[in-house]
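Here's the structure, in structure tokens; my notes come after.
As written, the chains take the letters A, B, C, D, E, F, G and H, and residue 1 is the first residue of each chain.
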């Protein structure tokens, strides 16, 4: 295990530190709250010489990701960061980069989507783009953010994966909150993360044509292959977590992370930073003797259906807490979780807690109430519940 | 019932005829295969004076929808059309228009997404944007396309809905195939579809500020309200279908449409034009005495969970046939269907048939094989099945 | 002075009373900006020539025309000092605020 | 002539043999364009001065330089007639094809 | 053909109403001056579109809504395209004597929004597009935009790296190259000139573009009360200019005989404080070069006529 | 400062290899000529980016891949931004003597792609951007683009409505207004001139833009063998022009004493067949007006010098 | 196609569409039935193959032909395809069109041939369809063409 | 905040951020603990409220104050808030900063006050944190300031 430095930084700064350690050749990003601090810190690093990279001041997010794609297909390591409107503005490029199997790492600061405008945290931006073919990880704190930027390259560039990855941080709650972070040394990261190597690139020695058209005769196979790569990434993610643990002493457990779930009767499924608050609640309720626990979905793609079911199938009731709703149906994570259980002969009752939209606070009391609702779940009652809604539902 | 004309036209042309009957004030669209014929026909109509509308030659799809939004918020009726890359390029605006509750009607020609490039039909474009807050309808033939453009305005502009609607036609298979279509008279459509009226608009008489920021104190309520409007649209959709039936003699049954499903043991859930081919297969298998049936999901938003369950809960096995896969998990429609069953105490076995990606043909034989697989479904076997995959799965 | 005034606002609690589609009355104000100010412009009506330059330049639009001079809507003045800096008659002085 | 030639191609049937990430050998050709042609340029070597104008103008790049004249890769000539039209020596004639 | 002499439009001609009021912009914000005055020229029959950026962020926070006439926020990239839709609806719905005006920042105009702006000009949509140029992405905390001037420090072009290494894109020349119906540059340091130009744009049957320099005390590192003065000095020292383009013709509205010195202008702004003497010389050199081009328009290009005849058959 | 005299680069200097071969473009496609020749000038150490459009649709159909050097399709809007990434990677990876070239249609350039193009020029990225202009969205079946000329029939500007009511956007002037390092117009009707310009672009340390008129028999309603001739006639009758821009200077490469008659040029193309005599007069009038501007550059603007000094401290 | 509709029958016509450009061989399908057609899968078996460009003739062309199906080819010398293992009927549509329309646009002529061979729709339905689809001048020439093509393939009495 | 870290303790600092601009009142929170802090919900109850701008003083400011909590206000005349129902401690941070830094930037002075009142962290930890965060010149002035602020609130012996 290597010597590291402890610094008191925000989530955004932790990301920038992670990026510097990963030594990307090209960085192209466009500012948007609450991601901006990442690009500002990277600019500082370029200016003070501590990061050697081609930093492109691009004119939009579509251009940011296009530039990363242009660099990636020459075999360069690339980084971009965005949020919310910016993520949507580059939606076309998301599918493009994943279909082109370009191992780009992107940080996304989870923020709500207009309209109404709102700069605060929820997760509708990235959750609305689950189908874009990217790996998606949601981190819980600044430390995990830094670690997952570094691991992100290792996973994305793995020949079995060759798929871009989106590292999601809850806006403000993570991006702007200062906390203690261990920063590994450059040498140790260089050992863990060797330079990007691939033959799938434009190459003066072995010229290629890329980004081509596939006719109906081949298209399905390309998509199947890509689907398989995303499924197979589960294994790579776990291996990378293990390798990281032995290099740096920190393990997150792969696709999911559980807390007090083994014997829990009531389990809350979370993603992102709210899991931290929920841990405090679980500690409190456990102290009262209540059998409650947590399962945090770290990755949404690949979706950890098997892992989730294994960790929760013994529970009496499961709540899916998400800062998201797919209007006209229910929470997307809830839909996913339900589908995961559908292969099972029996499944816990599942409730959907839609909370924290547009930055509404999720308090400890709110989470206690979710466990209470799970405890008294009644199969005939409404399964999708808006937390802290201030309107009478008429 | 009114006198109508029978014409032999393509699906795109049927859409253009429907648009003309709806008398939009502003049309803004950007060309993309296989949607282009719609904008070409509309241009012809403007040139020959048979359609009085402001037709904007815009510079991109983002601009097309932005222009429609600018017109819509003044109380104008608007139309746009796109496909695939274009739909993704305007992704930001999709959320914007729905959050702003602008009753825009858009035709989308379902086409696969790059990379690889491919201009042919699948449904990943619109299915990847289910979370954008739009109503989504998938039509089966050119007649339904024309009818749903007209109904689309009636539904979207309904004060209880005030939500944009996307009318999806399978690319080429519907957009470019010629068939017989009944075109209602302008007078009868004028009776069915009165001019758009709203107070939710920029108004010189009663000035408004629109598209504003909502803080965490209000954002959730705006989203909840929008969610409710999408859920409530189910009722409006059914009422509109009935009103249309009495005006024009054609009814599609609302959110879902079933065929031979009542007593079926094996049911295939479909969307879009493949249902036509499946009907032929069902007829054939019924003739052999096999109890098979179809449920076509006409609307994906609002998602007809209740209706679907009611029509299929008696079946032994249900197959979800979709021209889509959400890489790293399974078919999105499959995920949705599974979630719909999750509130039930018992549910049929559900298989996912991923087919027709990038325009791969779905033959009658393929559909017969799906019913065969449903007949012999084994709970332990792979539930997500790629149809006609030409690769050995290793 | 015909400057807009703050109006009372109570958040609706019934779904149907909630504004539809991010659409609400133009110019609806619920709070003032007076607390932003750390200095306050005071007009010396003796000196003021009514030239209206301050009226043109004020970023907040809080200066209103009076017969031969101007007045200020202190509810919304942020105390930027632009008016004072540009008044040729030196009729405006910025007073550093104590506690209100 | 160093024009590219069509190469055999069999679709892989094993997942691992499939190209990853829409990336494949540059200039890989599997079929010719000869069937597009309804007329064929024939070069009269007697007349040809080797000026290479046709070589410059051919949209397909199928004309190749020979010692004092030029040749045509008929596998890919589409018969557009540009070469014939612009040959000052009138050394190229377009022959309407019968059946091949 | 020379440009019409505009009747000066003074404080007394402006609408007495305030159309941008109670907003949350920083004290002394130059952009607020630009928005406020233009709306007072255009009057109440105006539909305003404002993209994401400071002016929308500070003006539209439900339930505190600062535009007292009709106004809407557009997407960041969509100012001009939403305006095109507004303008089309004005025509289609037969609304009379109404204006469609946009207020977009430099980022919203020169970077992400240029596609839509270019398209709207090309269609000659009847819109008034006003770019309030504060020379960086201010709303997100002062990042470099395509209109950030050479040498300026922003959070993405830090002083340690010498500030911005790129020169300012010339949007005025770019829109002029589109053959736009009317374009002008302006400065909140010359409010009368600005007001006149907005008043001129009111009368144009087609697209108008006004590019107004609007200092930002927060981003430029100046005191709130300096904004107007700084905006004036920018013109006086030749780093900005006042001009118009109409009927294919350029016209320079202010022809400085000699430039005010650069150094005091630059050094009073935090964003330029790191510049060395030689940096300032470089900036002066580019300024002089730019002015040679500007003087060329002015002296040589005001000769030809231009007529706008549509196709007889169309 | 005048523009360097380029050493003529003839058929014999071109690479003997074909880099665009076996594609599925229509017979006689002018765009193919533009792509093929440019690649032969640039040689094999070239990375090509082609957005959605005819040249990519006909060139990249797996497993029939028509580019024999490195090439990739970009999104429709993303030609220039992907090129910027390619160029950045060339620098970052230390690849020597390589070119990053893009071939984008008129729609990909003047409409949806102008944001990215404008940004790349502004950054002065070392890329060669070639717009092959066939004056409509051809790949999708001949719809009007921002570069469709006045009067031309397309499927969205039908002859019944008089053809396109809008004039052609002038991309050359627009990129010049950006202060681009090198820009040129060209025509496949003047191949030697085109080849020379691509060869010039090779040497530029910054962004080059070449706008080459490339007739499309399918969209223009002409015979396949007419493409080169039509492209030449367009220049001869003054509806297109051959020019360069470098170091803030314009230069006209061909100065027609008098224009070839318009009518035969227009009437041989299906897209113009509906035009009336007065329509043609209108077109002639706009042409003449345009040429007054062009002649102005040429006569008056070739005087000043321009130097490109970066900030000393940056 | 449109002709069938004038007999109250149903048709579904799928033009093919691809990235290849003008000049490339293209393929299209039509289904005709007395009942509403809902099957939209690709046509794999057919009763007639109509070949508009003789240069495309090759043995594989009849792969999807049902037993008893016929290939109708635009050729002045159809006899040379006689021993391909399927029935071939020829019409010099190019010649006929050149004569009648002044242009080698062969679609209408081949329609006449198809009607003559298949009796799938009546000739007068085709005439009415042409009248509706084309402008009058063009329609007249094409009607003449379809009739001549039809006549030339009637069994000689 | 950073000071706590020099004692091996954990801190989580949430600056507030809003659409309002420079000049608008802002709110921030800090949690300090001996164990890793994972709770990220909004702070609703606190031990100390630090008011940097006296004009914001109003009775509601102490709403989230725990029983026994204290309000520390930047004021030269804190006594006038004495009867608000909560304990108020005042420091003329503006004056002190103006003297020491030449600018009315009050953060550091108020940090000194908080340390003096709360003993939450040690003064020398704060000094080390300042040394690490700021450039040397600025740091010196700020260290002086934090010390002066701290000293001025020490119980007079």
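Everything below uses one rule, namely that a contact is a pair of C-beta atoms (placed from the backbone, for glycine too) under 8 Å apart; a residue touches a chain by one contact, two chains touch by 3 or more.
Not measured: the values here are computed from a predicted model.
A.B. asks: Taking each chain's centre as the mean of its C-alpha atoms, which one ends up farthest from the centre of subunit B?
C.D. replies: That would be chain H.
A.B. asks: More C-beta contacts across A-E or across B-D?
C.D. replies: Between the two chain pairs, A-E has more contacting C-beta pairs.
A.B. asks: Could you put a whole-Å number on the gap between the CA centroids of subunit A and subunit C?
C.D. replies: Distance between chain centres, rounded to whole Å: 46 Å.
A.B. asks: Could you give the separation in Å between the centres of subunit E and subunit F, each centre being the mean of its C-alpha atoms?
C.D. replies: Comparing mean C-alpha positions, subunit F is 31 Å from subunit E.
A.B. asks: In whole angstrom, how far does the Cα centroid of subunit B sit from the Cα centroid of subunit G?
C.D. replies: Each chain's C-alpha centroid was found; their separation is 35 Å.
A.B. asks: Can you compute the centre-to-centre distance for subunit C and subunit D, using the mean CA position of each chain? Integer Å is fine.
C.D. replies: 76
A.B. asks: Where in subunit C do residues touch two or more other chains at once?
C.D. replies: Where subunit C meets two or more other chains at a single residue, that happens at 11, 15, 18, 21-22, 24-28, 36, 78.
A.B. asks: Would you pick out the residues of subunit H that each touch at least 2 other chains?
C.D. replies: Subunit H, residues with two or more chain partners: 19, 23-24.
A.B. asks: Mind pulling the residue numbers of subunit B that touch at least two other chains?
C.D. replies: In subunit B, 33, 57, 59-60, 62, 85, 89, 92, 96, 99-100, 114-117, 119, 207-215, 217-218, 221-222, 224-225, 361, 390-391 touch at least two other chains.
A.B. asks: Which of the residues in subunit E end up touching subunit B in this complex?
C.D. replies: 44-45, 47, 49, 56-57, 60-62, 65-75, 77-78, 80-93, 95, 98, 115-116, 118-119, 122-123, 125
A.B. asks: What part of subunit A is in contact with subunit F in the complex they form?
C.D. replies: Within the complex, subunit A contacts subunit F at residues 25-26, 28, 53-54, 56-60, 62-64, 66-76, 78, 92-93, 96, 202-204, 207-215, 218.
A.B. asks: Using the touch rule from the top, collect the residues of subunit E that touch subunit A in their complex.
C.D. replies: Subunit E reaches subunit A through residues 52, 56-57, 60, 62, 73, 75-77, 111-112, 114, 137, 139-141, 143-144, 146, 155-158, 160-162, 166.
A.B. asks: Subunit E touches which residues of subunit C in the complex?
C.D. replies: Against subunit E, subunit C makes touches at 2-4, 6, 9, 19, 22, 24-33, 36-37, 52-53, 55-61, 65, 76, 78-82, 84-86, 94.
A.B. asks: Would you pull the subunit C residues touching subunit A in the complex into a rising list?
C.D. replies: 11-16, 18, 21-22
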